[in-house]
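Look for chain A in each of the two complexes below; its partner is chain B in the first and chain C in the second.
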Partner chain A sequence: MEVESNVNLSMREVNCKLGMFTRPDGSVFISQGETAVIVGIYGPIEVKPHKILINKASVETHYCPKSGMPGIADKLCESILHNVCEAALASALYPRSSIVIIIQEMQNCGGIIPCAINACCLALLNAGTDMKFLFASASCGLDDEGNFHLDPDDLFLETAAASFIFVFDSIGKGLIASHTSGSFNLAQYQSALELCKKAAEGIFDFYKSTIKKDLKDKI
Partner chain B sequence: MAKQFKSLHPTKFYRDYLNQDIRPDGRLVSKFRPVIINIGSIATADGSALVRIGKTTVICGIKAELCPPKPEKPNEGFLICNVELPPLCSSKFRPGPPSDLAQITTRFVADLILNSGCINLKDLCIVKEKLVWCLYADIICLDHDGCIIDACLLVLLTALKTVRLPVVQYDAAIDKKTIDASVKKCLNIYNTPVSTTYAMFEDKIITDPTTEEEEISSGLLTVVVKDKELCSIHKPGGSPLSEEKLYECINETVNHADLLITLINTAVSECNDDNKNC
Partner chain C sequence: MPENIGEFVFPGDVVRDLKVVNGVILRGPGLHSHEEPNCLLVTRAGKLCFKPPNVYWVEGHFKRYYPKKGDLVVGIIKKSGNVCKVDIGSSEVASLSLLSFEGATKKQKPDLQVGDVVYAKLLSAHREMEPELVCVDSYYKAGKLGPLSNDGFVMNVSLNFVNRILDVNSLLLRALGQKYVFEIAVGMNGKVWINGQRTIDVLNLMNALLAAERESNSNIVNVCRRYLT
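Now for the complex of A and B:
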């Protein structure tokens, strides 16, 4: 389906910094527009007895909001992050151990879930944990006139008719996760999927250049 | 022998079945479980329903209370959903604070009701800035055998359709409420969102999975539709899925939705025949 020309097809600026903490095995600070998160990875580390799995590593995800205790909205976000990371990690390589992923929200100006997912992937790369594939997330919003807006901020989301979050894998570009809000029809969903898939490819390139630069700096 | 084999190699057990396009419970891969809806199960509630999808059983009671509205939304009432997964329904849950799954389901169902616009909170307003209805929808799972989101959404929508609210007269000058319980009004439900869940197992898609199937699957997909429109496509991670398969699932849900909506409407209309004061 053709997308109108008056659509915002550019992502907000993505910046990141790798390995800024010394204690975690991998850490990243990532900002996507005004939204920013920090992710730290510990793993594989010793596992608590009640969480032990004999055939694979147990993946623990902790999403910490900017202030206060995690609410039920944060739990939903955490469950998506957990399932995405668990699918991507080659956890069968680390039986009887655990991989802990800590996501600290710094600022939420819309699109915290895609930003956190991308941060998790970069942090896992930084930690050097074995993965089956990389993953990248992109979001888009749909306004009342049916125009798509890539990587919407919170101002747009307030008035949006629908919003979509997608996570893709790096190998077959298959859909790992999909989360939507608002109502839409099938054609709109398909266009949103295509749009986000293109954006996700840009994020995979971003991973590559970031890791390349990081390795060059180390040498 | 099959029993021992199943507990030792659950994945292989299911793979052998699914390669023959049949499931251990005798269903085909793309077959839904029978759905049973009962209405007015709780006489003391303002609206109630009980839903069974296969063995999954959930019950929902709706309690209406009068309260003042929020200052920022003076003409809107409240609908507060709560999904409870007590230890009774499955060995996975322990007593104590709500489990993660219960919190996630609560949030997801509440979001769906809001997104679909099936209920207009302005209809719950009695006197602007003074008095509104607050509906507490408590959904309790009695038997957890997969597709908990589908069951919760179905039971909530059915229960909402059975809600009867008395007419309230409010005298602002002396802050006096007069409740006329003899005249009861239905709630306007603008559309009926219904959902179906799919589980991914290797390269197969299993429709309407049971708990066992959910546990061995590599990911779940929930599709919510209302009036031929999509309301949510929720895939919280898991193994990657191709787009063709995703669209197949969506089409299947759209076809199945008609059946579920007919079922809800039949149940509700029978209830309306019983008490004609609506």
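Now for the complex of A and C:
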């Protein structure tokens, strides 16, 4: 599929800091442009009796907004993150335990969901929780003239005709989650998919270089 | 022989062309069986390590302990009784029978209170079952196992730092031992119990261990020196 020429192929700058908390098993602070989240991982830990699963670990995801109680939108974000993490975790290795993922939103300037998904993957790598594959998320927006914009911020999303969020796995670069809003046609969806896939490959490289740098002194 | 020994591997990678001895590959944490023959699936990020003839594992930085049979661990009593519940840092509390101490009988049992620390061995660790601890070896002798003194101090370190402390070539404990007289019990679960002659010694030792955790092996002696002067 031909990707439009007038595409902003550059993502906002991604920065991260691994393991800055001592209590959780894995933690990461990640910022993508102005959007920033902190993720902490505990697991496998003791499970509450009503959530116990005898054949695999129960994955709990908690999304905490910047202030106040989680609302409907936050619950939607939480369920997306939960589905992605549950698909990627090798939870059958830890029966009768639970893996808790806590996502704290620090600043939302658009694209909080892809940012949080990428943060979850890095935090799981930092914790050393067994995973079947890595996952990376990229988003893109479509304006009224049919131009694509990779990794849009909230200013762009206010006027965007459509926005797409895709999550890819690291093995075959296959699609594992897709969330869209707005109106678009099939060709535009395909173009967005190709565009995000390219961006996701860059994120996988980012994971690998970050983890290598982090582990170099520790082992 | 896989070509990526000593290199970093990530979840989802497949390690191919493994050395098989009598149809067996010994795989450590982070590696799991793959549908193709002679291949293993990586599930953790870290360095792929190999030990002849057929042992493979992934070395990373982990904090959470997962019980393995035969490990020597430091645990904290959470509930006393005829069978104590012991916190060993895993997802489930381990059980420790008071009869599994050297010389213990139904009438004469060791006096363990909640909060006491024990150095014990994992007798069984199945993922479907509660881990079980004992404080005797297979000859019913205590050896080094048993309750640890309440004067000591327990700290938590990462799991691969435990391996570095216990490494026979490691200079860390030797360097610290030149300055202080101390007892140390290093559990494979990341809990380390230290006891020294004075409280300030224990505090210094604790700080030295915490600092050494962040340093590479070659730099550890310099760190120790800084804390010893």
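In this text, the second predicted complex is superposed on the first by the 214 of 219 C-alpha atoms of A that agree within 3 Å, B and C clash if a C-alpha of one lies under 4 Å from a C-alpha of the other, contacts with A are read in each partner's own complex, and residues count from 1 in each chain.
Here is the rule we go by: a residue touches a chain if its C-beta (ideal position, glycine included) is under 8 Å from a C-beta of that chain, and two chains touch if they have at least 3 such contacts.
Here the structure is a predicted model, which is why all the values come from computation and not from measurement.
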| item | value |
| --- | --- |
| Superposed partners chain B and chain C on chain A - clash or fit | fit |
| Three-chain overlay, vertex chain A: chain B-chain C angle, C-alpha, nearest 10 degrees | 130 |
| Which superposed partner A:Asp169 touches (first chain B, second chain C, both, neither) | both |
| First, second, both or neither for A:Ser79, with chain B first and chain C second | first |
| Partner chain in contact with A:Met69 - chain B first, chain C second, else both or neither | neither |
| Which superposed partner A:Ser183 touches (first chain B, second chain C, both, neither) | first |
| Touched partner set for A:Tyr207, first chain B, second chain C, both or neither | second |
| Touching partner for A:Tyr94 - first (chain B), second (chain C), both, neither | second |
| Per-pair minimum CA distance [chain C against chain B, superposed on A] in Å | 13 |
| Overlapping contact positions on chain A, where the chain C interface meets the chain B interface | 133, 169, 171 |
| Residue numbers on chain A that touch chain B, as the complex places them | 72-73, 75-76, 78-80, 82-87, 133, 167-169, 171-172, 174-186, 189-190, 193 |
| Residues on chain B engaged by chain A in the complex (per definition of touch) | 100, 103-104, 106-108, 111, 115-117, 218-219, 221, 226, 228-243, 246-247, 250 |
| Residues of chain C that touch chain A when the two form their complex | 8, 10-12, 30, 32, 41, 43-47, 59-64, 66, 91-93, 127-128, 158, 160, 214-216 |
| Partner chain C, residues of chain A touching it in the complex | 19, 25-26, 43-47, 54, 88, 90, 93-98, 125-134, 169-171, 207-208, 211-212, 214-215, 217-219 |
